[in-house]
């Protein structure tokens, strides 16, 4: 394989694999920037994947097909994701539960509940395959650009671009809008925010619900592009990877984007690499564990220290300090 | 009536304590009004009530004559009340402008219009002489600068009634001068200010009137022009009951602790103790007086090895302590009753017995070959509980369940029982009732009589006066003067603590 | 229990159980009875058998699903303990669990699919029926189809996890391709997972990009990624095909009115399950035997949907099928056999 | 003041109980809404735990790794650390113990302890890394332990595949001399997979209790967990205690893996994903209030639920996932104890 061929294999694959991670990491960003740790991203993705598949199957059962089905499925996944995230929000914000434990409970609940519902609805452990999926396509015009075109714009998933675009949008929202400023202030110094008339718990609820919305979307995109059906093993660990991307990306949307792309690249390389002359000598396991090892190194400060929002993990209790 | 603020008969309770009991405070338009009181008197609480952070149990608040309910800082903001908190409410990672406008941002097409905001900030800062860099990050600017940001926050929201809670406690002398200038500008612009401070000199130099509270109760309001520092000090520290602790004159012997040229940085990296020299002798109690935040805590932490000394030496019986780990310092013969008993003194969820051996658990007879000997531990605890009159259901009770005074007695029992050559008692009676205070004072004196050297750090003047033999006054990281306890009085000490006689002290040395 | 007329009546041997009292059950792998693969196929076989024998679902014939590997043994055992006359363990992963129970409960009658359970001395157990398939034979036939259909003389094979069983698929397939198209190149990659569709699609992507136009998978859920990738390409007008495994996977490859599934190698676990269950009911439990179902028994072969196969390919498949059945061709199942086979071709 | 203590005790016992009750109660509602009969469901579940010696044997076998995983989480928790890495520590412990079990041929008195120890050491090593990073660089242990889980999973699989693979996607079986399985226990429990590992787990409870409550180290670890400032004041080395705690915690998790490798299975399979035991361990520790006895009891509850769920599936047709939902709800309610306390205080006040 020549280098161009390798790149044209690896880069689209990396972007493709990164999309659900990017979306979910962006979700995590809203929650953690508001000061609420979200280990429950995994469970929220499960919820999103489940909802997307169930919705699509139901609509297909009603005889619908085409773009409309997919758009509806995505929207409903976003909604269900944010509603389900209330579980975490209520526990960790209102009930002052340990945010990590509450996230763990959410993960348990998501897997249990969705598989339980699948059994209830379909009387079996996994759903049928959907026929309306998100497919790849060439981006008109752009895909004809030499070099860049084949790498980035031919036969790509539209969701990948949506994810990248959203990362930029979220960056803009978080760093340039009043909402973003308030969100960050709540995660950094809730007491200060409170004295400035910002409703701390409300901001935190919004942050967690946005994380549910984005993670729901991430899970839905994963299900609609990759698996095409839902079972208990549809989402296995992607949520944790998204969390890692968030931290690796230093709680910055563009950082998370870069980290997710990096993880995607590592994954793509670990698969395609077996066909690439140089990399085929590297045992695949090294490529497999690379994202995790690098994240740890990044955290240990070798790649620049990752410092989270200051008030993260602590419930805000008015008047205490 | 020309009062902009009237707080009438305010009562605020916390579980187990009445922080404000029927306090009245009236602020005239255009004045700087001092709020004076000892630590824990209830000043911050009163101001937090005014700012809407706490709801009073009783009393009414009138702003510009109208009765209001301030249930939220937002309402306070709307009423034109702004507060500069003692502990800054700033987001370190934000810029000055972001901190100022947050929650109230000017926008353009939905985006924070930072340029416009920064311009406004600059305009206000010019007008009141509060020069700041609107684009600087908080974590990169000095404390004085941060305080200006706090002030700007209130001004940006159009506050014309400003509350300053101990604004000078964290500032350098130059910064204090600047702040005083700023406050004068502010009142000249028609603002009204409530200033909380422990420093009488500041009150004398900028304030128009002063309200004094003591132990949650209002003592009275005086015109500053009709009073002086002595009178204010008397109002502040005066007590209905004045316990004179019985003790014989000290018989000081050899020097136990010799501190020379000690310099220590605080957590922010600023010198908190500056080239300090001090000797403490066996058989004496040396009182360390000073207003909170003048380096006393850092000084003690340096002695005990909890904080790194930057320069200088600390010798205990001629053994160098600088550089030793806390355990080695303890083993060298230091007992330490820490300032914050909940943070340092006790593991609250441990039983009294376990807390009693916090310094000695690894030694015989409390453990052998790393296995704890609980019978011995609890027997010891039982004995000490008896000896030191710690009121507890049993030695197995968690420390958390004890009242503050009894917690403190347990700590003292632990520290004194080890018979250290040198005993540090930092604010040993803070928050305690009269009975407990008395027993602790007696204990300190009896230790002295056994020939130990005792360092008593306290913010309470009569404690210092009653218990100490000599009194070292600390101001801005240095000992400004050492006086004999029986040859001084509250007034003199109050002046020394406020830096009042720094020059004279310097000559005396 | 009532016995529907016409069924279960024909000459039961002495120790045959009366049809209505016969109890048969299976334990699924973690995939469950709807895994579109061998668990599902096995359940279909059991259902067919049960219905024909007039058994009631849930009591006469039933299944238990395993949530994790940890559940194999308790599930098998609880069926044995409930006095099921025949208990099926579906999949070679259950080998150890089946062995353990067979050793402990002598009177149990257990059948296992896809593997042979041996004791320490390499002997079979009398109370275990070992049901295996000649997957290489079926794979050979789809290999023939692939060899004839490929336009770039390049095809691919995606394996789930490398093992002796999946090697049978690989070698049979390669042999079939080579039989009709000696110049063809065959790319082979193992995903090291049976349930990671995203890895499956990336491997397929790589293979297609390298010019392979037909890919056969023996990778369970991972294989779903192959279909995703093939559909994606086919929709963009590329002429690529996928070959399904275990069942007719025509529907998995469907897009619009077409399907990217060229054909599938079906493995009639259902047939085998039904046959052995029937035998057991008739008192002829094939304990201790190693049953190998192949083309002979119609237990492997190409899928009934042949829409996408050319006439030429279909007739070649029939031709080779006959040759294999007659023993003229011996299909290789291991790497060594394959190498020998290649030498034989030259 | 004398009355304060028993009241506190009562509260600390009643919150897990209330949480369990609420979890089971809501689980019942879910069954009802889904068209199952909760009474039938739960009674099938209970029968699936108690109705005969086989089920009891399986429950106890299930408890074994749960106890050890729970101890691992609880031990770290006592030092103020959340060890989400039990899963990975368990995997490396499993692999190490199986490796020793396969490779060596020694008398059982040597071989078995050696294999268990190997598991403990491997787990401890896996815990050491996050501990070190936490102590030296203040890196949050949660994220590091999550990453370590994946590294363990992939590395263990790669090692098995490259060096230890036999047909059946697994390592060879361990030598009998390293095995915990017991024909006696099996025959007593009608051939459940009960093995001597249970004794190891109970022993581990005792060890955890002993270390924490009877040794000077345990005293330090607890002190550091409750109040780092006071510990520092008392001359303890906070950093070293954090590392030590993760080492010991990882060791327990490693032994949990050894129990699977030397007891339940006798080999290690290539794992297609996590066992879930690590997360179960969090639930167990949380419900058991991080005490040895509590962990034992909570393991019994969760182990019983998991084993009973199989019977609930086969006899009442209720999907086993219901049990997962119930467990999630129990964790939720334990974590939200603030609200339970609040409600209880409310109720109490009204009583007065």
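Observations, loosely collected:
By letter and in written order, the chains are A, B, C and D; residue numbering begins at 1 in each of them.
FYI, a contact is a pair of C-beta atoms (placed from the backbone, for glycine too) under 8 Å apart; a residue touches a chain by one contact, two chains touch by 3 or more.
Worth saying up front: this structure is predicted, and the values here are computed from it rather than measured.
By C-beta pair count, the most extensively touching chains are A-D.
Our note on geometry: chain B versus chain D, Cα centroid distance of 46 Å, whole angstroms.
For this pair, chain A with chain D, the centres built from the Cα atoms lie 29 Å apart. Work out the mean CA point of chain A and of chain C, and you get 36 Å between them. The distance from the centre of chain B to the centre of chain C, with each centre set as the mean of the Cα atoms, comes to 79 Å.
Along chain A, residues 233, 284 each make contact with two or more other chains.
Among the residues of chain D, those in touch with two or more other chains are 157. Residue positions of chain B with contacts to 2 or more other chains are absent.
Annotation, chain-chain contacts: A-B, A-C, A-D, B-D, C-D (touch as defined at the top).
If you check the complex, the residues on chain B that touch chain D are 304, 306, 325-330, 336, 338, 343-350, 354, 358-359, 361-362, 367, 370-372, 374, 391-393, 397-398, 401-403. The residues of chain C lying in touch with chain D in their complex are 62, 64-65, 67-71, 73-75, 77-78, 81, 92-93, 95-96, 100-101, 104-105, 115, 161-164, 192-195. Against chain C, the residues of chain A that register as touching in their complex are 1, 5, 8-9, 13, 17, 122, 124-126, 129, 131, 133, 135-138, 155, 225-229, 233, 267-268, 271-272, 274-275, 284.
Interface residues of chain B, counted against chain A in their complex, comprise 48, 51, 53-54, 72-74, 77, 83, 85, 87, 89-94, 98-99, 101-105, 107, 110-112, 153.
Every residue of chain D that touches chain B in the complex is listed here, in rising order: 1-2, 4-5, 8, 213-219, 222-223, 226-227, 229-236.
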